[in-house]
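Okay, so subunit A shows up in both of these, paired with subunit B first and subunit C after.
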Partner chain A sequence: MSTTTTPRTKRQAKEAAGPYGNVSRAVNELDDRLGVAKARTFLDKIFPDHWSFMLGEIALYSFVILLLTGVFLTLYFVPSQSSVRIPMDFPYAPLRGQRVSEAFYSTVNMSFNVRCGLLMRQMHHWACDIFVGSIVVHMARVYFTGAFRKPRETNWLIGSTLLILAITNGFLGYSLPDDLVSGTGLRIADSIMLSVPLVGSYLSFFVFGGNFPGTAVIPRFFVLHVLLIPGIIIGLVSAHLFLLVRQKHTQFPGKGRTEKNVVGTPMFPVFIAKTQGFLFITLGVTALLGAFAEINPIWQFGPYDAAKISYAVQPDWYMGFLDGLLRIFPPIEFASFGHTIPLEVFIPAVVFPGIVFNIAMAWPWIERKFTKDNEMHNLLDRPRDVPHRTAFGVAFFSLLAILFIASSTDVLANFFHVSLNTVLWAMRILTILVPIVTYPVTYFLCIEMQEGGRLIGKRKTANIVHRTTEGEYIAEPAAVRPGDGHHELDALPVPSFIEGIDEELEAPHEGELVEPGVRAVTR
Partner chain B sequence: MSVRSPLTRHLRNAMLGVVAISGLSILSSGVIAAAAPTTTKAPTSSVTTTSNSKTPTTTSATVTPNLAAKCASLGATAEPGQPIDQSIVAQGQNTSEFNAGTPYSDVKCVNSSGEIVGYGNSAIFYTLPTSNPLSVGEELFLTYCSACHGVKANGVPAGGTTGIYPNLLGLGPATINFWITTGRMPAVDPRGVQAQRRTPRLTDKQANEVAAYINSLQPATAGPYVPNVNLRGANVENGQNLFALNCAACHTITGGGDALAYNTYAPTLHWATPNQIAEALRTGPGNMPRFTGNLTDWQVRDIVAYVSHSIQHPTNIGGVGLGGLGPVAEGFVALALGVGGLMLVTFWVGDRQ
Partner chain C sequence: MTTENHDHAHDGSELLSLDQVTASSPQMQPLARDPKTMETKISALFVLSTLCFVGFGVAYWQDANFWLYGALLGTGMSFVGVGLVAWGKYLMPRGPFVEERHELASTPEERNAFAAALVERGGVTIKRRKVLGTLLGASMGAVGVVSLFPLLRSLGPLPGDTLQKTDWKKGTYLVGSNGRRVHIGTMTVGGSMTVFPEGLQDTDNGQAVDQTMLIRLEPNYPESNPANFKTKTGRENWGPSGYVAYSKLCTHLGCPVGLYEQQLELLVCPCHQSMFNVREAAQPIFGPAPRPLPQLPLAVDANGFLFAADGYTEAVGPGFWERS
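Entry: the complex of A and B
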């Protein structure tokens, strides 16, 4: 902004400063030093507007909420298993005077005695449940529309890693309050570690710093939970978003959208307003849940003690499929050579999740093996057009869903007054049956939907119904109406997509406004 | 032999792998074997008590004026409950039956005919129910119970009746009282796997009359008299502790109850009255274990207080309690309301083509 003539009047000075006045001057100053003008590319990033593209944002924003509420929690939580006696003036009578760990005490104390403490705890927990849930939904969207295909395999990989990290951190956080229910979860985790052949007992000793439960696990989990894993998550989320900007969004085929452009609203000013609003809505929903729906009332559970156990203990929902398979797996074990390998724990809790997450992560490559498709893809698939992928995805999800349901066999049996054993066997059979059934059903549904178009425009022959004097009804084909000659109407060719406009012809020019506020740019 | 064929290379790799794995396994099995003896053992019995409450003693029995008055109201004289025979104690049996729902309590009330009509202590007082006259109880029994349990209450009903009916003789008044006042008896579905709690058909007074009648056929040998819990001075903190230790494994820590194997279930604890809770503990209905000597009357009182205060009136300061179902309900809410609700928002703000 160097002008040769020094401005005389205020007005001249204003004009010289340009339309944005001091703002642009300040930005220019910054640009001279830091080169912030490059951020312009970011501000110009085009976001296609489809609603399903915002699912990932739920995950992003609930992660933000997790960070904010989590920082609050660290101010009051004491990550220690040394024992304290709850004071006699504690508001909740059944805990008064009990000997508990500092972790437990600080958590109930935060819930009862710290202003907003319980709200923050509950928001943190709800946000976690929503975080993992939205990652799953987001992944499902990416999967079923084929958005993971070249060139976006890396981002798929990062995304699935994020899911695993989110689940892990959820479990770690769930264990921190050291209450009866989370302690039971830890005990199960310990048994799972012990089930690993050869190294199981080392693994358990390594994690717990000696025998279960010991006094080391809470401080260790705390460090992992608040430092290490969130750190990695932040790093990976940044990489995820960076790749997103770098590779630009995918988009559904449609009016003016081609493989070579991207149509949508720019980051600034349209999208940023929208997404900010969405951040606040996510925050609002979480706050509502945190304020009105109780989650994990650990004072009702009491402190953990290895001699105590409660029935009907389930993990948080995202660990449910693991728990479900553990419950329904038949009791088989390997016991020879002086060693016992509890396969009924090792297979469902170690091998199976290993297979699940490996398939999930390697999916882009697995699919390529079948399709031999090495092209760049920026336009998304409609799920029906890729029946095998869709069918596999549905089968995979339904397997996990059945296992998730199996994690509440006892609740189901109790609620519906069915024998627990019947439920158990039903779940065993369904686990095998459901994926086998859902695959072909989905496949043929997809094919059917693809073909649905062919029936459009056909008209049924009209009938005239007579009633005889005896009361009998007789249907006769109607007389040919003038003009239509009683022919079946020929079906029109079905448009390849809703608009049905040839994409190449209509491709808008660079930067052209497709409709108000929506822009198209080349990739 | 510098040029190796791919086959030999594979073979070599495989062999290396085998060597490595077997080496690892030998090493680790050695250490596992060394570490094995140090593995922790969970306490073998879940039905244990903690030490921080009155533990049963076999010595001093105290007849307080209060307890003496109780005996007087039953028309009997108070006597100190006899301490347990020390020779039995020496054999390691019955060490803790004192003050645990037996006449070996702080006080026992003996009437003029030498019958024990009550016993107990400051926590729980057990009384022998009466029926005045006995024929009232008999009448009720013949009307409501004999069809199944037989006119002699011995579990042998009239010919042609099918089903397996327990013998009621000697079960003790508390058992009879519990099954009638919780509405389980008279049974609605005698072939069911487990009698359900229902609205009682008989009043409390009638229940006692039936119990008195059955007791008159054969005095209680197995079960206690009808308990009356004095919740004053109960320690819910100790109750919480004991509940988590003894009851949560079946009834769940929130007392919601849950399914056990083969159609049986541990019922919810939300409806039982304090006396019924004590009866359940002391008599062990159905599949529930019977807690006798391992829990003193003071400990039972603490558990009863915890159940009737904190479990039946849970402190849900965090909002809607979601039925005490824990993560199942929470996951459902998080997915349906949280993720589902936010998806609706995306649907609202986003483009739908």
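Entry: the complex of A and C
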């Protein structure tokens, strides 16, 4: 709304703009065009405080790191399988004079000859492992606290899709350098595609542009890895955040917290400061990992050669459960009627992950079938209060954990000096046994813990311990003092004006008695 | 929606919003005079588009001509598009309907509250902790600056004096793109060809930087060296037997000056039509080029082959900061 009278002097113009000088003028200019002042509700948006709510932030910020470092890598990576000879003055002697693909050469070249290149590469790889890991832990938090319930099922679906995309893009990414380990991974991926009944061979040929390995797969994976999938991830992350803002954050039950409010700190400036701090912490940890924890040293693996293989070949951690099940699954090929279905590959590598992700994505609806609960939920559950869900989740994750461990059967057998067969059978039995055991154990633990949970949100009463002249100690509850049970302040709506915030708060003087038994200490 | 302040359509009927119309309002009627016929026409379009798409599938299956794919796909898409537009225009409610604009700007109270939130809550927290704010600013400034190092400096080596130099040195033989040396009898007067330093005719640098235009002119300097062509004072011996050589890189934007206008003895750059007078040290006589093309001093060996009597005496190609 423009002012009715035209101000004559600069001073009049300043006063007409509003009480906050240049800020007011900037707000006025933007508001005329965009109506930004109505966005005050966004500044005032309340974020509940709980440590577990930062897990999703780790995922978001590691994705930011992936984008930043990834742009750097694209400046040096050559997505081509044509052959080049590594020059004789290459810093890493064992590779000198070897014929390798341009993809491999450009990757080792950026690791050795580009300043900061190795750091960026290792940060990128670590950020990916952290990205997938934090998504999984974030999903576990959402699952065990029931945050996926109505009205947030859509965001659960988006989140699960993001997990699948993150895993896919991680696999595509670590396949790009064309080193011996990733090439072996591609070979296995090819065989998994071939195992699909009816269309498997077509699938494989369309992905690789012909027979494995061909020369098309790395340029193709590159464009998927740097353009298509990141684009979809950016879109879905935006939708995820939009829904988060629109539906407001969940919160744990506590003082003053209801289904109809949100208690916490405002977006501006408190949450912004904390979350930006968190971005830097994530950056910092990733940079330290990139500097001190070597990851994927492909110059040691050497270039991919379809006729070479290395011992103890394992995929990145998020592929571990698949590799584990492939190792321990019995060889039960179906071959009849002139056709073969390699069930020993198809079931563990296609059907099983299909079931896992389908259960994960459909979980809000699966649970509703049992609970018949169609209410809106903004308050979170404590895991112990929903024992069946918690028990199922623990069984589910322990199954995946066992399969993850099974992806290193050879290393385990070697390390513990037992036969591979022993480890194999141990893993087969554990895969079935562990979920069956963890479910009831978790269930009864939850029931047990519910007993201890009666005092949620209440302060423990203080005891005063006396020593008698005989040396005996006697504890008796202290008298209730003013303030007991009120250690949490009452939540207030966010004020737009804070009167007198500039004046120092009236603090009690050092040593002055605030109330009986409590002495003021300067902060 | 105020009722007393209705706008009116050009035919005098009231402008209605969508929640005021009824099924019988004239605005809800289709524009087509004969909706049945229009429906038939649109149906035909959709049927044709389906046939086109099926045809595309068949053409692909039969590995037909590329223009057939495009024709079928383009025609099919166009039919769908025209059909949809016609459906919307002729068979759906003709309107018009009205929607009030919402005031974009907020009230002064809302503006003040927004500014207050920024200043009272955000500004004050910073104002009260000025030291923290300054230190954080310094830290962010430092990381902003040092981030530029890996982002920029890793990208490539520094130019050094490479832009000032070419591979032409004293004694470098001239070769054509086939790698053969140029004999003094190769060209007649009026001829021209592109030459490179011997051995570099197939290299990136040889082609991008060293490329040189060799032209034969009628010798014009009979006094001391009758066979020479002098383009300028001080270049008395640069043009043996009428051969002169200029850098082929335009001094405007580096395009190869590939056109030799034989009659007028002009080198013409095809990019922005700069013209260089070959007789007068390649002075630009037309167009945006600011400087003459650098000339390469030539000499002839005992067997009659041309070589460079020296390298270029200045940087070739377009201007840049370090050019002296």
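By our rule, the second predicted complex is superposed on the first by the 429 of 523 C-alpha atoms of A that agree within 3 Å, B and C clash if a C-alpha of one lies under 4 Å from a C-alpha of the other, contacts with A are read in each partner's own complex, and residues count from 1 in each chain.
The working rule: contacts are C-beta pairs under 8 Å (C-beta built on N, C-alpha and C of every residue); 3 or more make two chains touch, one makes a residue touch a chain.
From a predicted model like this one, the values you see are computed outputs, not experimental measurements.
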A:G320 in the overlay: touching subunit B, subunit C, both, or neither? Say first, second, both or neither. first
Between subunit B and subunit C, whom does A:L244 touch in the aligned arrangement: first, second, both, or neither? neither
On the A-aligned overlay, A:G18 touches which partner chain: subunit B = first, subunit C = second, or both, or neither? second
Applying the touch criterion given at the start, work out whether A:V181 contacts subunit B, subunit C, both or neither, answering first, second, both or neither. first
Dominant contact partner of subunit A by residue count, subunit C or subunit B: B
When the two structures are overlaid on chain A, which partner does A:V441 contact: first (subunit B), second (subunit C), both, or neither? neither
So in the superposed three-chain picture, is A:F53 touching just subunit B, just subunit C, both, or none of them (first/second/both/neither)? first
Does the superposition put A:L203 against subunit B (first), subunit C (second), both, or neither? neither
Using the superposition on chain A as set up above, list the residues of subunit A that contact both subunit B and subunit C. 498
Show which residues of subunit A lie in contact with subunit C when the two form their complex. 1-2, 18-20, 23-24, 27-28, 31-40, 43-44, 72, 75, 114-117, 119-120, 266, 268-269, 496-498, 501-502
Report the residues of subunit B in contact with subunit A in the complex, numbered from low to high. 24-25, 28-29, 31-33, 35-36, 38-40, 42-43, 46, 48, 236-237, 239-241, 244-245, 248-254, 256-263, 265-266, 306, 309-310, 314-322, 324-328, 330-335, 337-339, 341-343, 345-353
In the complex with subunit B, residue positions of subunit A that touch it: 48-55, 57-58, 92-98, 111-112, 118, 122, 125-126, 129-130, 133-134, 137, 180-181, 198-202, 205, 211-212, 252, 254, 274, 277-278, 281-282, 285-286, 289, 291-297, 299-302, 305-318, 320, 338-339, 407-408, 410-411, 413-414, 417-421, 423, 498
Touching residues on subunit C, where the partner in the complex is subunit A: 103-108, 110-125, 127-128, 149-151, 153-155
